[in-house]
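Below is one structure, written out as C-alpha cells; comments come after it.
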Amino acid sequence: MTNFAAGIFHGPESALAAAGTLKGAGYTTPELMSPVPIEGVEEVLGEKKSVIKTFTLMGGILGGTFGFLLAAGTAVLYLHPTGGRPIITIPPFLIITYEMTILFGILFTVLGFFISARLPVIRERVYLPESAVDKFVVTVACADDEHFKRAEAILRDAGAEQVREVTEEA
Amino acid sequence: MNVSIVPALKALIPAALVVAVVLLGLVVGFWANAAFYPGTSPEQPIAFSHKIHAGENEIPCMYCHTQARRSISAGVPSVSKCMGCHNEVATQRPQIRKLKNYWENKEPIPWIKVHDLPDFVHFTHKRHIAAGIECQTCHGPVETMDQIRLTDAAPMEMGLCLNCHKQKEVANGLDCWTCHK
Amino acid sequence: MPNIDRRDFIKLVGAGSVGVGAGFMLRETIKHPTEQLIPHVIAPEDFSTGIATWYNTVCSMCAAGCGISVRTREGRAKKIEGNPSHPVSQGRLCALGQAGLQVLYNPDRLTGPLMQTGQRGSGSFAQVTWQEGLDKVADRLELLTAENQGNRIGLLSQGVRGHLAQLFELFADQLGSERLLHYDFDHPHTLYAANHRFFGEARLPYYDLKNTRYLLSFGADYLGNWISPVHHSLGFGHSRQGRSDVRGRFVQIEPRMSMSGAAADEWISAKPGTEGILALGLAHRIVSEGHYSGVDRDDWTTALSGYTTDQVAEQTGVGADTIRRIADTFVHTEPSLAIGGGSAANHSNGVDTLVAVNALNYLVANIGKPGGLVFNPEPAGPASQDRQASYRTMLELAEDAKQGNIEILILNGTNPVFSLPSAGFEEALAEIPLIVSLSSFMDETTALADIILPSHTYLESWGDDFPEPGVGFSIGSVSQPVVSPLYNTRATGDIVLQLAKQAGLSDAIPWSSMKDFIKDGWRLIYDRGGLDTQKESFESFWRSILKAGVWGEKTHRDPAFTLDKRVINSIAVPPPEFSGSSDAYPFILHPYVSTTLHDGHAANLPWMQELPDPMTSVVYGSWVEINPATAGQMNLKEGDLVDIESPHGQIRAPVYVYPAIMPGVIAMPIGQGHVTYGRYANRGVNPIEILSPRVDQRTGALASSATRVKIKATGRRIELVKTGGNSRELGREIVQTTGGKASQGHSAKLNSIPITVVPT
Amino acid sequence: MPEAKELQYADIHRDVVRSIVETGPKYYITLGTAIFVTLLCFFFPWFYQLYYGIGAAGLNHPQVWGTYLASFIFWIGLSHSGTLLSCVLHLTNSSWRKAMYRSAEAMTLFSLVVAFTFVMVHLGRPWFIHWSLPYPNQMEMWPNFRSPLLFDVMAITTYLTGSAIFIYMGSIPDFAAVRDRTIGWRNTMYTLLSLGWRGTDREWHRLHWAYTFLAVLIIPLAVSVHSIVSWDFALSIVPALHQTIFAPYFVVGAIYSGTAGIVTVMFILRKYMDFGQYITKVHFDNLGKLLLVLSLIWTYINMVELFTGWYSGASTEHEALQYKLFGYYAPLYWEMILFCAVAPLLCISKRFRTSFVPMLILSIAVNIGMYTERFLIVGTSLSRQYLPDAWGLYVPSLVELSIILGSFALFSTFFLIFVKIFPSVSMYEVKETMSTPKTEPEAPPEGNPA
Amino acid sequence: MSILDRIADGWRKYRKPGYYDEFDYHWGMTVDLDRCTGCEACVTACQSENNLPIVGEKAFAEGREVKWIRIERYWEGEFPDVKLRFIPMLCQHCDSAPCETVCPVSATYHNQDGLNTQVYNRCIGTRSCAVYCPYEVRYFNFYDHHWDSPLDQQLNPDVTVREKGVMEKCTFCIQRIRQAKDVAKDDGRRRVRDGEVQPACVQTCPTQALVFGDRKDPESQVSKLMNNPRTYRVLDELNTDSSVVYLKKVEDDHA
C-alpha cells in the first residue's frame, strides 16, 4: 500500500514544471498523467529508452525467415509440382516472405509496446479520471505524511489547482 | 482512485464460465456421439462374429472375401457360401436360424458397411493384397472382434494411406490420382 | 473462484446440456450415411463385384448394324464401345451408338403392360398384367385367324433385320396376313430402286471409301447418318491420312452443307433437285472428252446429248469450269467413287438422280474394284428389304384402315404419327378397332394404342443382325442381353412367340423363346457353312459367336458386271417438281435428318439432346437455317422466331443464320417436335408436319425436299441454346491448315500431303 | 478551427462520449434496418446459394468470375484509404487527419471484413476455406504458396491484422477516457479495451513510437495488398488482364475509391453524429484535392492500358478492348469514364470542394464508377478470351445483385456498431490540435455544437 | 552426408524447373484435323465414361454445360466459298500449365505421368484455374447434378461423381490409365504397351483422328505422329507446352 500525492493542473507547462521540481527534490520519479501527450517530458524527467524498435526489427527478421521457410518447407513436405516451375520458386515465395515480415513486425511492435508501456495494468495503479478529460496530473509516491506535505507544497507552488492524497492498493 | 483490468476480468468470470461449459459440452457431445453412436460399428442384420470365424476357427480372410486378391472390392460371401458350412454347423443357434431364413426366402443379407470410404476414394484391394499387406493393417484386429468396428490404430483416414505409402516408398504412391479420380 | 449458488449451477448445467446436444448433433450432421453391402444369395458366375465384364452385341440405334461391346459392372451396363472384331464398326462407334445406354436407362421407359382406359390420345392408361394384355390381343388374333380374316391384321414394325424379321414374316404368314410392313422415315428406297434399275438387284453395294482417292458425294451425308456412318468415317479417315503416299479427296454436292460437306475438300451447291442433272453433265463431259472407251460409248453419247456442260451449268447453277474440272479429276484419279443419297434423292426425280450417279461410277469403271463400288453377296440371314414400306405404301395402309379393312394393328417401335407428313395417319388409326404397340417408349403412335406390351430394349434382349449393306462379304452378328431386364417388359420376339402360342399357332411356331428361335436359325448358317466352321460342334460355334459378337464368311462376289443397254437409253433426269408456286413460296425447304437425334427416335436421350449439333452447335431445340444474305435482306438475326409456311401447314422456329446454305433454300433438322415421347424429347417443332405429300414417282418414296415454303418474321425472338460464342477465327490460327501446293517444298517428309496432281 | 466559439477539451470529451452512450430511437431504427437488410439481402441469398450451388449467380463458362470477385476488389479497394491515408498523414504530421482518421480506419477494417465475406460467397465450397491456411493436418496437405490467391490470403490476413491493431492502438487513450464516464457493462468493456491506460508520460511515449512504427509498416503493406489483388488477374494470361500496369492501377484505384468512401463517411458522420465542429470544410477541401489528383492519375493509367492494348496489334487484345469499349457492357464503360475521369474534374473549383452535398454526390458517383471498373475488369475480359468459340456473355443474377446490396448493409451494420463502441473521433488527437485549457475550465460553451 | 550437403542437394532438386527429371510416362495425344469430321462421338464417349452431368436446357442456355472434350467450329469465307473447320478441344495437359500454379490448395498439379491432375475432393471452388486456362477446358459444377432415375445406374463406378462447387476437366481417362498399369503389373510388365490404354474419346473416334500414347516411347504411334510436319499446338505462343498436338488440316484449294 503506497500513498501518492496527486496534483491537478490546468496546463501542461505547470504540471511539467512541478514534476521537474519534485524530481529535483529527490522524490522517486513522479508520473505525469495527461489527456494528450506532453512535449518536453524527456527534458524534464530524463531520456526514456524504448525497446519497441528492437522488437520490430526482431519481428521482421523472424517473420521473414518464417515466411520463406513456411512456403519452401511446406512445398517440400508434399510435392506438388505446378506449371513447369521448381518446387521452391523464389519470386512467389518472396511475396509470402514479405507479408510475413510485416505481419510479424506488426505483432512484435505491439508486443514491445505492451511490455515497455507496462500494459495491460494488472496491479492496481493510481489514477485520476480528470486526467483523461482536460486536467494534467502529477503523482508522486510518498513514504509518509511528511513526504506528502512536502510534495503538496511543491505541487501547490507549481500552480496545482488541487492536491489529493491517493492510495494505491497492493 | 485506482485502475486495473483485474476487476473487469473478474466481472466477466460468470459469462466466461458459461461459455467454457458450453464449449466443454460441445466437445463432450461430439465425443459421446462418436463413442456411443459411431455408425462405424452398427448392429448388423445377423450378429456375425469375426472372432469366432477368423479368430477361434482360424478361417482365412480370403476364404470368404474371395475377391480381395483379384478385384478392387473384397466382396462379401453370398448366402450360399454361408450355408455351405451352416447346413451342418451350429444349425440350431438363433443367428444361424436367421441366416437360414434368408436362404429359404432367397433374400440377400443387407450387411451394413463398416469400412466405408467416401465415394471419391478409389481403393483397390487387389494391389494391396498383391503387395502383401495384411488385412489387419487397415481393418484392425478383426479376428478379435465380435462386432466389426473401426479402431484407432486403423482409422481409415488419408494420413494412414500416406504414411504407409511413404514408408513403403510406393511408386507414385503420393500422386493424388492414385486414389482420387 | 466465485461462489456458485444453486441458480448459477442450474444455469451452468443448462449451458452444458446445450453444448452436449449441439456437439452431438454436429457430429450427427457431418456423419456419412451408412451404406449397405448387399451380397448375392448365390454368387453369379459371370461377374464379380469390382470387375468389369464385357459383352459383345449389336447396336440397334440405326440401321447400320455396328458391332458393339458393352462394359458392365455389378450387372449394370456402363459403357458402349465398338466391337473391335466387327468389320462394320471396327471398335469405333458414333455418338448415337454410345447413347444406347440411355435407351436402356431412360427414365421415360414404359415399365409394364398398359391398357388405354379413356379416349385414344387422352393419355390415360391403366397398368395390366402381361396375361391380361396378351390374352386380349391373342383372343382377337385367334378369332380373326379362325374366321380366315387374317388379312385384317396389320403388323407395322420399325425396320428390323435378321431372325426377328423372319419371325414377323412367319407370324404374319400363319395369321394369314399380308399386311406386314416395316417403316422407317429415312429408309433409302430410292437408292435400292436406282440400284435395281442400274445393276439389276435391289441390294446395296459396298462403297469402298477406305481405298478411294476421289469421292463425289451427291447429297449423301455419309459421315452423318447415311447408311453406315461409322464405317464410312473409318473409310474417310483412312482415305485421308491412313495411306503414306496418297490423300483422298472428297467433294460434296448439296444445297446445304452437311457434316460430310464440312469434311470435304470441296463443297459445291447445286440447285436443289438438280444433282442428277449435274451427274449427267459430268458424265457427258467424261464421254465427250473421250475418257470413256467402253463398247457402249455411242449409246452414252446419244443418251447424254442433252447434258452439255453449258446446259447443265445453266440448270444446276454450278459453274461450267467447275463441272469440267470435277469431271476431269473424277476420270483421272483412280480409283474414284460417286455416291448419292440424302437430299439429292429426296426429290421427285430421286431414282433418276441416283441412277445418274451410278452411271458416273460405270463410266470410270470403278465397279467391283477396291476404292470403288463392290457388290455384296447375298446376306447370310433373313433380309427384310422388300417389306420396307414407302410413303405411298403407308398412304395405302392408311386408306385401308379408313375403309375399315384393318381390325388389329400391331406396332413395333415405329412412329408413323410423328414421321408421316400429311397422311392423315392419325385419322386412319381412329378407324382401327384395336391398336397394339410393342414399343419401349410412349411415342406419338404408341400413345394412341389400346394395349401397350412394352418390349425390352436391345441391350436386354436376344437378337441378331446381318448388316445391309455388308462390307463386301457376308457377315452376321448375334446380340445378347447384357443386363437383366430393368422392368416388367419382354423381348419383342418373346411377345410375338407368346401371341402365336396363345393364338393357336404353336404348331408352326413352336419356339418358346426368341433365343431358341435365333439359335435354330443360326444352326442353318452353321450347317450351310464350309468345313471351316464345321470343325467344331454347333454349341461351341454358337459360344464363339456370342463371345466374338460377330461371324463372317470371306466370300466375295464376282465383280463382273454388264450393263443393260436399255438403262443407258433411258437415262435422263427430269427437273425436280416442287409443291407450291415459287411466287407464293419463295424458299425450298431442305429438311435433313438430324445428326444427333436421327429421325426423332433419339430425341428422348438426354446425351443426344445435349450434344451440340455438329454444324450449328445448337442443342435442345429446333431452328431454321437461312443464308446470311437472305437473312440480311429479310432483316433476320439469329434467334428471331419466324413462321415457316408451306401449302400444307405452318410451324414456328428460331432463325439460325447459316453461312453454307444456298440463298433460295432454308433448312431444318428433323428430330424434334415430340409431344408424348418423354421429358427430354417434348420440345421443338417437327418439320415433317409441313412437308408436301409429293413422292418420287418410281418408288413412292417421300420427296421430302420437294416442299416450297415462305417465311414470316413474328417479331419475337429467343436465345438459341448453343455452345458456340463466335464462329469466326479472327486470324488467331486456332485451326491451322496447310495448303497442298505451298507445302510441297516445305519439308521432305510431307508424305501425307496430297500428291494428286490433276491437269485442268 | 474556424468555428465561432473556441472548443474546449471538455467539449470534445462530452460530445464524443455522448455519441457513444446516448442512443436515440433513430439509431436503433437505422441499425435495425441495416441488420434486416443484411439478413434479407446478404445472408438469405447467400444461404440459398450455398444450398443450390454457385449456379445461383449468373456465372457460367467461360465467365467463372463475376460480381463476387468484383465486389471483393471493390471492398479491398475501399479499405485502402483508411489506414493507408491515416498512416501517411500521421507520418507527415498533417493536423487535418486527426478528426477523421478513426472512422477512416474503421472503414478499412470493415471493408476488409466485407471483402472477406465476398471470398466466402465467391468460393464454390466455402466450408473448406480452411484448406487455404497452412496448418498441420492428417492429410499432410499444405496450401500452394505459388498461387496468387494465396498471396491474397496472406496479404489480406496481414492487412486485416495490421489495420485492426492500428485502429485499436490509436483508440486506447480514448477508451480510457470513455471508461471513466461509463458504468456497468460498458465500464467493464472499456476497462478491458483500454488495458488500464492512465495517460502517463511513459505510456504516451511508447504509444507514439509503436504507432509510428506501425504506420511505417502498414504503408508498404497496403500497397502490396492491392498489388497482390491485381496479380490475381495480372498473373493470368487472359487478354487484357495480364498487364504490368495492373498493380499501380489497382493501388491508385483503391486509394481513389477509398478516398471517395471517406468523403461519404465524413459527410454522414458530420450530418448524423453532430460532429460539425470537428469535421469541417478543411477536410472536404483537402479530400477534394486528393480526389482530383487521384482521378488524374487513374485516368492516365486507364489511357495507358487502352493504348498499350491497342498498340499491341494482337487480335486477342484488340477484341478484348473492342468488347470493353463498344460491346455489350459499353454503356457501363462510358459511365465509368464519366464518373471517374470527368466528374472529379469539378474538384478544381474550391467552391465545389467545400460544398458538402456536391462532394457527397461526387464521392458516391466515383465509387459507383469504381465498382463498374472492377466489374468490367472481371466481366469483359473473361468473356473474350483466346478461343472465339468459347466466348460467352455474363449477366449478374438477382442473387448477386442482392448480395452486393446486402454487403453495403453489412458494412453499415458494422459501422453503426462501431460508432457505439469506438469514439469515432479521436479525442486526444483533436485535443492536441487545440490550445491547452484556460484557467476557467468550468464554464462550458453555450448550447450544443451545430 | 553432412547437413549442408543435404541442403545443397535438396536445393538443386527443388530448384529444377518442372521438378521431374523425367516423367514415368509422358502421355500425349495427337488430333489429326484432316481426319476430324466433327461427328462428336468423342463428346458422348467422354460423357458416358466420365459421368459428365446432363445439365438440362436451362443450364445449358446459361452456359453451364460440362463437356470435357468439345468440338469448336470456325467458319471461314462466305457463301459459296465457305468452309467449316472443326477442332476438338480438351484439356491439353500442358507441361507448363497456367492453371496449376494458381490453385491455392494444390487441387491441380502436374503428376509424374506428365498429366495435369484435378483432384475433385481437394477443390474449394475458387475457379481461378478456369480463368487461367487459355483453352477454356475447365468446367465448374455450378450445381449438384442430378440423374433422373434410373439414368444414374449408368454412372461409371471408377469415376467420382463431382459435387457442386468443384472444378473438373479431362483426365485423359485416368481410371483407364490406372487400369492399364494395373494389368501391366499383373502381367509382370514394367510398362504399358502402346495402344493398351486409350481414353474414351480416342477409343471411339470413328475416323481415328485422335491418337493417344506415351510420348516417351519413340515407337509409339503418338510419338511418330508428333514428328509429322503438319503438327502444331493451339496457342503455342503462350508456351504452355501442351501434350495435345494437332495435325494441320490440309486445304488444297481444288488443286
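Letters A, B, C, D and E mark the chains in the order given here, with residues in each chain numbered from 1 onward.
Everything below uses one rule, namely that a contact is a pair of C-beta atoms (placed from the backbone, for glycine too) under 8 Å apart; a residue touches a chain by one contact, two chains touch by 3 or more.
Keep in mind the model is a prediction, meaning the values are calculated, not measured.
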Enumerate, in label order, the chains that touch subunit A and subunit C alike. B, D, E
Would you mind checking which chain's C-alpha centre is most distant from the centre of subunit E? A
When you average C-alpha coordinates per chain, which one falls nearest the overall C-alpha average? Tell me, please. E
Report the pair of chains linked by the most C-beta pairs in contact. C-E
Quick check for the class: compute each chain's Cα centroid; which one is farthest from the centroid of subunit C? A
Distance between the CA centroids of subunit B and subunit C (whole Å) is 52
Inter-centroid spacing, subunit E versus subunit D (mean Cα positions, whole Å): 42
Per the centroid of Cα atoms for each chain, what is the distance between subunit C and subunit E, given in Å? 31
For subunit C and subunit D, what's the span in angstrom between their mean Cα positions? 63
Note: subunit B residues in touch with at least two other chains are 3-5, 118
Could you list which residues of subunit A touch at least two other chains? 75, 78-80, 82-83, 85, 92, 120-122, 125-127, 129
Touching at least two other chains at once: which residues of subunit D meet that condition? 140-144, 146-148, 150, 195-196, 198, 386-390, 392
Inter-chain touches occur between A-B, A-D, A-E, B-C, B-D, B-E, C-D, C-E, D-E
Residues of subunit E touching subunit B in the complex: 24, 109, 111-113, 115, 117, 119-122, 158-161, 171, 174-175, 178, 182, 185-186
So in the complex, the part of subunit C that touches subunit D is made up of which residues? 723-732, 734
What part of subunit B is in contact with subunit D in the complex they form? 3-5, 7-9, 11-12, 157-159, 162
Tell me, which parts of subunit D touch subunit B in their complex? 138-140, 187-189, 191-192, 195-196, 198
Contacts from subunit A onto subunit B in the complex sit at residues 78-79, 120-129, 166-169
